Amino acid sequence: MKEYDKKQAILFAIIFALLLISPNISAEEEGPNVESNISAIDTVWTLIAAFMVFLMQAGFALLEAGFTRAKNAGNIMMKNMMDFSIGSIAYFIAGFGIMFGAGTAFFGTEYLMMDGVLNTTMWGTIPTYAFWIFQAVFAATAATIVSGAMAERTKFIGYLIYSFFISLLIYPMVGHWIWGGGWLTTGEVISFLADNPIIDFAGSTVVHSVGGWAALAGAIVIGPRIGRYGKDRQVNAIPGHSITFAILGVFLLWFGWFGFNAGSTVAGTNLDIATIAVTTNLAAAAGAIMAMTLTWIKFGKPDVGMTGNGIIAGLVAITAPCDVVSPVSAIMIGAIAGALVVYSVAFFDRLRIDDPVGAISAHGVCGAFGTLSAGLFAEAAYSGGVNGLFFGGGITQLLAQLIGVVSVFVFVFTAAFILFKVIDMTVGLRVSPEEELEGLDLGEHGMTAYPDFEHVYNPIRR
Amino acid sequence: MKEYDKKQAILFAIIFALLLISPNISAEEEGPNVESNISAIDTVWTLIAAFMVFLMQAGFALLEAGFTRAKNAGNIMMKNMMDFSIGSIAYFIAGFGIMFGAGTAFFGTEYLMMDGVLNTTMWGTIPTYAFWIFQAVFAATAATIVSGAMAERTKFIGYLIYSFFISLLIYPMVGHWIWGGGWLTTGEVISFLADNPIIDFAGSTVVHSVGGWAALAGAIVIGPRIGRYGKDRQVNAIPGHSITFAILGVFLLWFGWFGFNAGSTVAGTNLDIATIAVTTNLAAAAGAIMAMTLTWIKFGKPDVGMTGNGIIAGLVAITAPCDVVSPVSAIMIGAIAGALVVYSVAFFDRLRIDDPVGAISAHGVCGAFGTLSAGLFAEAAYSGGVNGLFFGGGITQLLAQLIGVVSVFVFVFTAAFILFKVIDMTVGLRVSPEEELEGLDLGEHGMTAYPDFEHVYNPIRR
Amino acid sequence: MKEYDKKQAILFAIIFALLLISPNISAEEEGPNVESNISAIDTVWTLIAAFMVFLMQAGFALLEAGFTRAKNAGNIMMKNMMDFSIGSIAYFIAGFGIMFGAGTAFFGTEYLMMDGVLNTTMWGTIPTYAFWIFQAVFAATAATIVSGAMAERTKFIGYLIYSFFISLLIYPMVGHWIWGGGWLTTGEVISFLADNPIIDFAGSTVVHSVGGWAALAGAIVIGPRIGRYGKDRQVNAIPGHSITFAILGVFLLWFGWFGFNAGSTVAGTNLDIATIAVTTNLAAAAGAIMAMTLTWIKFGKPDVGMTGNGIIAGLVAITAPCDVVSPVSAIMIGAIAGALVVYSVAFFDRLRIDDPVGAISAHGVCGAFGTLSAGLFAEAAYSGGVNGLFFGGGITQLLAQLIGVVSVFVFVFTAAFILFKVIDMTVGLRVSPEEELEGLDLGEHGMTAYPDFEHVYNPIRR
Amino acid sequence: MKKIEAIIRSEKLDEIRKALGDIGINGITISEVKGHGKQKGITQQWRGTTYKVDLPPKVRIETVVKTKEVDKVVTTIVEAARTDNIGDGKIFVIPVDEAIQVRTGETGEDVL
Amino acid sequence: MKKIEAIIRSEKLDEIRKALGDIGINGITISEVKGHGKQKGITQQWRGTTYKVDLPPKVRIETVVKTKEVDKVVTTIVEAARTDNIGDGKIFVIPVDEAIQVRTGETGEDVL
Amino acid sequence: MKKIEAIIRSEKLDEIRKALGDIGINGITISEVKGHGKQKGITQQWRGTTYKVDLPPKVRIETVVKTKEVDKVVTTIVEAARTDNIGDGKIFVIPVDEAIQVRTGETGEDVL
């Protein structure tokens, strides 16, 4: 080996070493390396999580169908297919751009039709398209929540129009505020928020409260189902047609939620995903136990449907703080949510706001509570800095959370209210009383869901 | 440090650098490294995708059961368990070898009982067994498609025999032609194909058309269900017994399809998986919207079951071109498929070919269209070279696609036709009219699916 | 370039090279590297597998609900939600610590409330929390098995208490013996086992037999359902209310089982996961074929429900040996299990032990057989050393397996028997005959599962 | 004693039961039936094929009453069940020879 | 007026309805029943246990007709329902005192 | 001929059928009904709201028998159906003019 060779060799080794040490330079041209594997791991993780979140659509469909009457089951399955389909297209056209595009503090203005994103990445590691599909299934989740609260009386065409606009505009705007670099995480509007950006890891507010408050507006505008409320605070039960479908829906939702929360790292190389899976699971379990216990005490027997709602409540609540709280706190948060949903369902019935599946309570109320709970239970060891009120952090973070909760409520409720009113005044929001009595399957789709079975005429239950 | 040491060090660094740069040498002996991680990522991805595709079996089972009458539900669930079970064994014995083994241009002749594949890999990175399970669930998909088209009248024993042979022979042969290095991607038979191999990324033709055309042969040989067609082109509706099960099936299929298409990279390190997930999703959504709209226009009300078919149609069509077209093209392809399925279902009814779930239309027709669409919509930016007719590539690729579509149709239809005829002439393909009227659950399995419910005698609907 | 520089460069290259070659040193401080990617891959794999196993809860719920009468469906869904919820909390409090904590040969004594495990790892690569969630879903599987065997007559409060204790104590103790470094894999009690530790890769014994033997104790203590057995060995059929739900449950279980077995590597970088997926799948398929064939011969028609049981049997049996046997052996094991379950179900009915879903046979008996089968079919090429009886290894390993099977049976049966007796004598284990006749949905939860459908009074079938 | 069989719209069941309760009729038996008199069928669709369901579901109320109560009961049902549209239903009066109460074995009009 | 109750095979329902329509009988009520006369049960199996369902499902057609039409209606049903096998069913003729049309309140044979 | 309509507890069906078989009654028709006499409803709950299902499900057994057998049949049913609790059910005896066996076209008491 000549000196010349030696020098070359040394040079080579140096370059190579540098290459590996500052890996960002290398990725594209160099073929496989540690960095490209990180990309792959993060992409695989994000995609699988997205697929799991997609399956929540089936969960929502079954929960809603199971909790309502057989005569509307076909309409409910149809709504759940279509809100996802229409939402996907709307989110592709402009929703994603409004949410994640650069723009103003209130909405983004990039990515129309996802133009030019091929071969670009987001957050450094995953392809923009991987991020899109993950966000698209989130958008569809927000949209589908409303379906349940307005079930058994909403005109199908009206529901389609609503679906389009929540996925195109309302959800993306809120998303922009919190996840897209908008005003709730910067100081542009309220400077306090610059130092204390709202924490909403996987979307208790961005997704669930948005869905929940839109559901509230919808349920108010459309009014209760025929026979739901009698005189003098009389609430009549309208039992659902299949508890088996409903609880299968709960299981599918719980399954998908692991993708929803842990997937929100959009990085499998972020090992927080393990802690998030644990907090998510424990909050759901605690929500179930609490809802079961409370219904047992209140009504004398443990209620199956409400226990299912307790699980959803726990999951919704832990969604915001899932990566900033300890597992023990997650149990607390889940349990409180499980209690909240029981009382909240009764509360809205008191107000004669008819929500057949409890969506307003589970997603709106528990979503708000979950967001606040990040300000209460956050612990530096988990959050990487922020402490909540109960862990010596004072009320600073809680305040930020509260600002987020309130502003999202005001915006979404107002926007959805206007949207539903406009739909009502144009194509119409509610089917005729005759159609409602005979079932939307017949009226909207000319079909019956279970033609081989003898049906019972179910009188309103008092 | 002496000169000697220095030399050694340099040598060492060089070797090491070389080792990393030409990574194929290293994998086995060296312990974990970038390459072994690539293997792991690809294997994890391929396996999870395979598991998701497995779940499509449940989707197919529910779709078929939901779209048919309660009196046959047990038989349908049984067929779906057994075609997967028998198919798995048949594909293990020889199917895989016929498909992927070296051999002739028409079939492979290796891998009998998967002998000797332990610790071998395929495509450089994943264990052969990982590839096998991924391919086995694909084979089972092709097999199970036929079940729906022949539902409510096929003798169980005949169905089992069919299952065995499609998984052992028919499907693997077509697979060999397109994915196993057979004549449709080499120039052995038609030299033109050597330069323009057929594009069928995830199997619109290999899987879905094979299933669809076998279904066509089966439906023709077995004839329509009693009462399905009246005089003078009269088509009588035979509504399915549970739209809820059927649409749950659609959701499970959609979920599994992400694994089907994106998983077909058999490599999580191939970041095209993100684009594929997006094109897959958008095509399904567009299929739903188009089928819904068309039924709304044609029949006055949006049809739930047909919208579900529209989703399947979109998914089937995008399967071939999912990695060579843009998301916008995917929307087009899905929409066209959604329209096709509506007209195709009506068309086959005109021909008095009775297909209770629309499998021939959704898988056969839309599979053919999807394969052709790769020749229409391919874009170099996505496909890495090939452009379709609409993107300036002329008709070259379209021609290749057409050759593939036609030859697979001719082979599968003929082979399946013979198979069903032989079954018919030996063990019998169709149950007796009495058994058909009273239901296959009773006749074939001595059971009823829902003994706790009062059933309605459903007269044929006109 | 001066000599000095050269020397530095060489030094640098050496250090760097060493760094990569002995990777254990680097992980924490260095930022992303091969090792951290291994952690990520293993964590992603373990978590996704855990989520899939979670979905088995839905599978168990549907299998049980489908195999029993409509009047108990709500209660069954409720039990399945609650055993997972309560089990999660119990396993969090102390179950995991008893199972995996250091301690005695019989139980561990660490990890109370999972205190202090944040940022720790297990097996070197995955976060302790990732391991916890994977183990928690396993614990819940053992717990839920019992539900089916005691269905349609167990008091809800009694079931909750049982759930808590099996997840807190009984299951974790057995787990400790085999997976937690307890006496069945060390020589502390029987020195023979030090050299021949019992093989139970994914838990045929740890999970399934534990569930199955507890189910046996429960079914004995609680007694058969009213009308199940007549005089003179008369066994009356009590058909389930929905074969569609039941077989959907089977599909979900099969899907989840891929996570159960392959996930048990808790490492995606262990490419054995591919072989495990294959053995798992083939055993299930063989179980189905065998159970179908046998029922066809025995009863004249192939039985749908029992074929579903055959799949479960095959899956349970392959769980222990899934990574030590060849695919061909897996087919054998699955087939034997599929036969076993058919005869075992008949056997327990002969003993008048009433098990509505066949859980004792599928999980207890086939779990024991599966554990033994590792001692029969193990092959060094797969197991990395051990050969079973049929592959020239003699009876050594079989003996170890037998010791495991017997000791777990004795312990679990006794402990569960005592637990159920105590529950029976305190809060009561069985509902009143009136409640049983009218259905537990009404008695325990004040509801009916399908209020929109006309129900048939199903007399006991002879 | 007479058995009054009324075949009515499902939606009217609650109202009729209330009306019967108000005039002191407690014993009733209800079953789901299908049928048609002069009412036309409903058109439905299934995956692209339309068809008529010409046996719309109805509810049948049966109540055995004392002979002297028949008119009152019939009038009450007619009033409660009427919507003046086709499909309102029919009422049939059928003679009953005897009624027996299982619990006590008693017979006669008093057990009703 | 008479009520004709025919308990028949489900598969024969369409045919009978058509036959009744042809002789001008429109008002019918249909319900699902189970029962047995001299017909034997069907043997079924469930996860390894066989059992007899000795109450095969049947359809009951009820039609109230003018007394003078009874024979014609019975003959029509018998012809349409007959397969000459065990399980063909039975027909019962039951006296009806009165029929009332809810929509109009009209009574008598003309409302049928 | 008389038709005996017994509305009984579902759980008692097996016993009654056996008892009827023992005294030689084979032809029966069974249907699912709901109803109430003096029995109170069952309280249920659904996601936090309680309600009364005041139409508990019952089974109706109908058997047309020779007039001279009526008493025996009624007594048999009463004995088998009785639990001495509210909700045991009622039996009605209704005149039947004619019975026809579809398979043979035969009429009269002998076809029962």
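First chain written, first letter: the chains are A, B, C, D, E and F, and each begins at residue 1.
Keep this in mind: a contact is a pair of C-beta atoms (placed from the backbone, for glycine too) under 8 Å apart; a residue touches a chain by one contact, two chains touch by 3 or more.
Quantities reported herein were computed from a predicted structural model and do not represent experimental measurements.
Engineer: Can you name the chains that touch chain C as well as chain F?
Structural biologist: Common neighbours, chain C/chain F: A, E.
Engineer: How many angstrom between the C-alpha centroids of chain E and chain B?
Structural biologist: 49
Engineer: In angstrom, rounded to a whole number, how far apart do the mean CA points of chain B and chain F lie?
Structural biologist: So the centre of chain B lies 54 Å away from the centre of chain F.
Engineer: What's the distance between the Cα centroids of chain B and chain D, rounded to whole Å?
Structural biologist: 54
Engineer: Would you kindly tell me how far, in whole Å, the mean C-alpha position of chain F lies from that of chain D?
Structural biologist: So the centroids are 18 Å from each other.
Engineer: Considering chain E alone, which of its residues make contact with at least two other chains?
Structural biologist: In chain E, 31-32, 34, 44-46, 50, 55, 94-95 touch at least two other chains.
Engineer: Which residue numbers or ranges of chain C touch two or more of the other chains?
Structural biologist: Where chain C meets two or more other chains at a single residue, that happens at 6, 10, 13, 34, 37, 41, 44, 48, 239-240, 242, 299-301, 303, 305, 445-448, 450, 453-456, 459.
Engineer: Could you list each pair of chains that touch one another?
Structural biologist: In this structure, the chains touch in these pairs: A-B, A-C, A-D, A-F, B-C, B-D, B-E, C-E, C-F, D-E, D-F, E-F.
Engineer: Using the touch definition up top, name the residues of chain A that touch chain F in the complex.
Structural biologist: Going through chain A, the ones touching chain F are 67, 235-240, 295, 298-299, 301, 303, 305-306, 309, 342, 345-346, 349, 358, 461-462.
Engineer: Under the stated contact criterion, what part of chain D meets chain E in this complex?
Structural biologist: Listed in rising order, the residues of chain D that touch chain E are 2, 6-8, 31-38, 55, 58, 60, 74, 77-78, 81-86, 88-95.
Engineer: Which residues of chain E touch chain D once you look at their complex with the stated criterion?
Structural biologist: Touching chain D from chain E are residues 1, 3, 26-31, 64, 94-103, 105, 111.
Engineer: Please give the residue numbers of chain E that touch chain C in the complex, ascending.
Structural biologist: Listed in rising order, the residues of chain E that touch chain C are 34, 44-53, 55.
Engineer: Which residues of chain A touch chain C in their complex?
Structural biologist: My answer: residues 7, 10-11, 13-14, 16-17, 20-21, 23, 34-35, 37-38, 41, 44-45, 48, 52, 69-71, 239-244, 246-248, 250-252, 254-255, 258-259, 262, 268-269, 271, 273-275, 277-278, 281-282, 284-286, 288-289, 292, 299-305, 307-308, 311, 326-328, 331, 381-382, 450, 453-456, 458.
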